[in-house]
């Protein structure tokens, strides 16, 4: 496939209203050592919506996701260029734009604002309660009662409270895969993030658990901005508002999910969503 | 379609069968050889244990465990001071090597640099540690001798009754003077440490054996000599000479460390440091990276991640490795021999920080190198004691390992 | 459902203190790591500065040190008559080491092949601990074993062995190195991917051919590095030779004679409590330097080979 087809990417998307934008990505490039993983991306991610990144393996969607909360910092040789900023409305009055790639950015505070859920459920080998309380204990000063309330709230939000409330102090590793993943979501929202990044959160789960997580994503949309990387076309079409299609490190097309799946502008996108490759 | 190559079509079937039989036979011979050789190691162990047991079991007595080495009463020589000495030296060794080793392992494993020059330094430190693990322990002994015992002679060489080095605390210097009461001495506090002797002509403040201060009276020859014992105990003849004596508290500390158990412990720490680092690194590496990501993803700093996630998960492995390293330290003789010397004359454990100590392996070395049959048997008995101590240590390590494996499954 | 109080207040801990303490911790951890480098520097500095006192003496020349065939630092108190040629000590070390390697390498390698390719789980579960126990035996115990059992057995079966001889020390050092060769080689062989073995069996190889022609060559660099590490361990071994190899430096290749090794000499010198500062005393460091250079070089090569090999399978 020639790269000429994918060269002109910026005009492919329909921008959401500017004041709705939470994450602004402009002319973004990224490298692992000498290998360029992402080429000149421009994309806006709107507030309180679910944005899905789709594309074949190795197209760079997970790389972009991990740049958003700087998880790539711990990868040797990873570097990025361009503009990637978080427009926060913490006090609602003045909008502040935070340059995520800036070296002086407090990565710890950033990751509190932008939580992440990984492909494989990775609860700590501690109790369920301690897993959820892990983040709050690091970031906040809370009384025991406040912490209890927070843990319960997070677990309820993550739709796993009813299943675990009787064994809060039992080991988290004793839960099923789907429960573990929801526990990880609860752990991520317990520190009060604005954005939730999800890196193929269902790929290690069985169909029933996948459905439960998809429902959960739909619910969480009212409070969080969610970015989800997925291989699964149906999943993207079921639970996202907007979809961005990546191919070979470039953004091919981005827009409303229904539009991308029914009337894509690019032939490549059409081929991919119809399952002709990837 | 081409025809089959002749090598495939024109083979003698008889040859093929014979060849297969021959190869299979060779393989089974080899298998037999493997089994036989693998059992050689078992045989060695059995012979070794049996021989030492046969040689030493008759000497496994209470005396062995409670008495000290004696040249005169060989029959009743024991290893009590060496047991205490080994324990104390290993305690010092653990206190020095464990924090240092684990911290280094954490740094190398969890704080991997991303920039190129730092990565090179990281790789260099890593290679250096692997090399340190291969340095013969006797070279560490010499290092300990130079760095801890003599400290490159920066503080002067310690010589008995001449130079005490740089005393920092716990030493009280006195002049020891005979009183009129025969056999009774009192102590006059020393003011200038460089004056090795004083001549007492005037009454002076002194202390007696139990630490009471009093004014020491001087009796001039020709005047009436005091009669009652209490006065005699506090009076000296005019012009009496006092030589220096040092009383050392348990916290007596000086530089250089000289041949003290601290030197021995630190030297052993050098020997086992690479072992502890490598074992700790391996256990940290075994912690799943996904746990690290999870913790970082919530916004924990690297150290918080290490402290709350990685170390708790790795601690059983680190402990197993450390216990095995301690086993190595207890059995190590060469560096201790170099640092503390080969003497085994000591009645008990160390009395102050700068006191000498003897360890079990050095005692065994000393006894095993003697001609007398009794000492040969005593050496075997001491080996049995040493092996039992090691057995206890190692089985603790194995139990920890198995518990962890069970918890993981 | 309302937001819990803890999240409403949005009072998060200041991260500035966190960043500062993080830096402090990283700094102190880095200091610990630097100490390991300082140890190496300390060893080298000590050996160089102290052996300078030896080589600077008029009685010693560097070429004589390397070529003289007599070493009498302990025997002659008179410096004029003392001879400082490292060759007798080196030959002692080499004799002991060669014998040790003759024992440890074949036995260790074959045991490793057995453990990694053939042994059933049950046999592994007690053969491995046996080897670990042997590896954990203090060297002074093996030295005692050499004079208690090995030496008398050698004298019983053949004539001409003195009580202290290179062979019995060598055998004991070999026993000491065996578990090391075995476990390192086994690690190397276990790292060979299963697919290689399956490929070999698929072509109709017998188990013998699979292990000798496929697994061992694939693990060769790991095995070679195991050999090198064992070799340097044997050269640096002290207590066994101090007890069993005798105290006479002899320049010969006869393994039935006494053989004072480099490490054996160091122990004897320390035991004799020679006065600090004499040339004889400093000769200690000259010997230690030779020992260090040889073992350090061996270990370095072994490590480099091992690293290459590890990378190739990642």
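Going in written order, the chains are labelled A, B and C, and every chain counts its residues from 1.
Heads up, the rule we're going with is that contacts are C-beta pairs under 8 Å (C-beta built on N, C-alpha and C of every residue); 3 or more make two chains touch, one makes a residue touch a chain.
Predicted model, so just to flag it, every value in this text is computed and none were measured.
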item: Chains in simultaneous contact with subunit A and subunit B; value: C
item: Which of B-C and A-C has more C-beta pairs touching across its chains; value: B-C
item: Gap in Å, rounded to a whole number, between the CA centres of subunit C and subunit A; value: 52
item: Between subunit C and subunit B, distance of the C-alpha-averaged centres to the nearest whole Å; value: 19
item: Set of subunit B residues in contact with two or more other chains; value: 301, 304
item: Shared interface positions of subunit A, touching two or more other chains; value: 108-109, 112, 138-139
item: Sites on subunit C at which at least two other chains make contact; value: 18-19
item: Residues of subunit B touching subunit A in the complex; value: 112-114, 119, 288, 290-301, 304, 308-309, 312-313
item: Of all residues in subunit C, those that touch subunit A in their complex; value: 1, 3-7, 10-13, 15, 18-19
item: Subunit A to subunit C touching residues, read off their complex; value: 90, 106, 108-109, 112, 136, 138-142, 146-147, 149-150, 152-153, 156-157, 192
item: Residue ranges of subunit C in contact with subunit B within the complex; value: 18-19, 21-22, 25-26, 28-30, 32-33, 35-37, 39-40, 42-43, 46-47, 50, 106-107, 110-111, 113-115, 118-119, 123, 127, 129-134, 136-145, 147-149, 175, 178-179, 182, 206-209, 212, 229, 232-233, 235-239, 242-243, 263, 266-267, 270-271, 273, 276, 284-285, 288, 291-292, 295-296, 298-300, 302-303, 307
item: Contact footprint of subunit C on subunit B as seen in their complex; value: 23-24, 26-27, 30-31, 33-35, 37-38, 40-42, 44-45, 47-48, 51-52, 55, 99-100, 103-104, 106-108, 111, 124-125, 127-140, 142-143, 146-147, 150, 157, 270, 273-274, 277, 301-304, 324, 327-328, 330-334, 337-338, 341-342, 361, 364-365, 368-369, 376, 379-380, 383, 386-387, 390, 394, 398
